[in-house]
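Below: the structure, in structure tokens.
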């Protein structure tokens, strides 16, 4: 149950718009899946990452998705979120070739297994989007 | 002792140029520090990350440093390398504001401590560069 | 094969009782699954974590499960064990709402993906326990 | 520079009160250290972790600090934040013995080195507080 | 597409031989799976880990696989690669009992969940190899 | 305060002998440093890792130290323990060259920063041992 009686409308609305334009359908699915267990967390997810961070003007969305894809690949313990952000990267203008370059580069910083697991996640995402 | 009698000259030379242009003095210091304990590893460091990966045409150096800064901040266990790459990011054209945006964004993916430690690393690097 | 001829009966019996009361069926399944590959490891699992640590008087089981659920969520690479301990937390008196609070809090320390993956693990555990 | 013209006063004020009561002097030092490099991040730190999460009614502060101490010890890559939260745990009512119990328990989930490094961090904090 | 017109034949051939003798079928499957998404990465995988590192004379393959099995178990986020290297360990002369010893030992350094997940990975590999 | 009135003498004595022969002075220093904060943890450290695991006959100490050095290097968040085990590896018969080989190999599995930080830890240990 939320302890915020009056939602912070600006952040939420700005975040909801950012989430929709970046993650599209995949972002909404995460929000929906939280509805019965942690609805407040869905609100936080929209407000802080998307309403606060992704909406900041100092770095464009293409650069932000490069950072996120790199981080999730290197951490290696967040496969569902990595797939969402490989999609998001393509949505905001990264090419498949660029996504593959980012993933390969992670072999240098997090090892070959992290890069391989990232590449196989990308392969699934690319296949699901088609030719 | 190296087990490669004939070094792979192209990769090494291309890597040495890339390392010098990206990491400058800091990269050379790492290579020098390896000389007495693992000289072959200095060669690998030049050949694979810099001769192979950073020299690939599919992603520009600015994007590559965004990926590396994000990954090292998220992993949170490679402070010396993160500082080298914050410098490298500035060397290849990122502004200080952009570096700060990348570091703040990592709070979303790796938590506030990882972002804070990244920001304090950047503060040291910025102070050392002056201005 | 064990290299301990004479098992340390007190620790083992105390640990077996603690394991049964905390993890119940799920703990026994882990022990059984080890029988053909590493029976000594099943014994260590009973003796050290349960016979030594969980049996210590300085912290109650509710607090111990808060710590374990938080740690496994933050590490993000031990999904089966996290599910066992979400169950264990409920067994020793945490409410579902309290478990959800712990998981959401991990977004602060380990990032939103770790918290999301923890919440979806809890959703599975709650559903399996029913209503 | 902030992209939020109108700060979300309720969250910020609630968060500032929570930060002061939990982390005291140590929390304010972190906020101050961010002032010249990422003042917006200081605001986010107050608003999301403290204004949103720690202010939620579903889990008391003692339980929240158990979770945070456990998570930071297990992750093992956030020593400054672990020390702040060992202090915070003592501030909100954990005894030194309870803190030590949490840290020792992490040997089970994250290994003996993580527990040892947590215990040595606690030793520093305890010594600084005296007595 | 490769940016190396002239492949470094010695490293590639030496690496391909090492990969075949160590990982056998499993290594070739990884290389094949990369063919349509990142063929250059398959080449790097053969050249650097196998052509450079595993081909070095200073440590025998049995010792190298002990190191790799330990590392992948401790990291806990590379299950497919761990299974490949449990197989590789058996291929280069480790007994099943020795593999189990390495995995159990990781409980000390990375926690019981990491060791358990390693043991269950080994159980799958052993079962697939038969009796 | 210990909750074990009667210590498990066999495990403790066997562990104390193993610790002394493997880690020597460095192991005793860790035990001493725990005396005022967590004396029971010193006992667990002797009993489980050394009395139980390192004393098992199925893998020799040289192989066990290869596994530990690899794991701690790959995890990258346990520098003090890595130094202790680089020493331990030399104590049980690894050569400096072999230690360096293990550390370099970790670049493949955990990235170049992990390997570099391991190599610089070894450099310190080698220098402290002299010649």
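Note that the chains are named A, B, C, D, E and F in the order they appear, and that numbering of residues resets to 1 at the start of each chain.
Going forward, contacts are C-beta pairs under 8 Å (C-beta built on N, C-alpha and C of every residue); 3 or more make two chains touch, one makes a residue touch a chain.
Keep in mind it's a predicted model, so treat the numbers as computed, not measured.
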| item | value |
| --- | --- |
| Chain F and chain B - chains in contact with each | A, C, D, E |
| Chain at maximum distance from chain D, centres defined as averaged CA atoms | E |
| Listed chain pair B-C, A-B or B-F that repeats interface C-D [over half of contact pairs the same by residue number] | A-B |
| Reference chain A; chain at largest CA-centroid distance | F |
| For chain D paired with chain E, centre-to-centre distance based on mean C-alpha positions, whole Å | 39 |
| Cα-centroid distance, chain A relative to chain E, in whole angstrom | 30 |
| Whole-Å gap between the CA centroids of chain E and chain F | 24 |
| Chain B and chain E: spacing of chain centres that average the CA atoms, whole Å | 26 |
| Junction residues of chain D - those touching two or more other chains | 40, 44, 48-49, 56, 58, 72, 74-78, 81, 100, 104, 107-114 |
| Interface residues, chain E side, partner chain F - complex | 48-49, 53-54, 56, 58-59, 63-64, 66-75, 78, 81, 97-98, 100-102, 104-110 |
| Touching residues on chain D, where the partner in the complex is chain A | 3-4, 6, 8, 10-11, 40, 44, 48, 52, 55-58 |
| Chain F partner contacts - residues on chain D that touch it in the complex | 75-77, 100, 103-104, 107, 111-117, 119-120, 122-123, 126 |
| List of chain F residues in touch with chain D within their complex | 30, 33-34, 36-38, 40-41, 44-45, 49, 72, 75-78, 80-81 |
| Complex contact set, residues of chain F against chain A | 74, 107-114 |
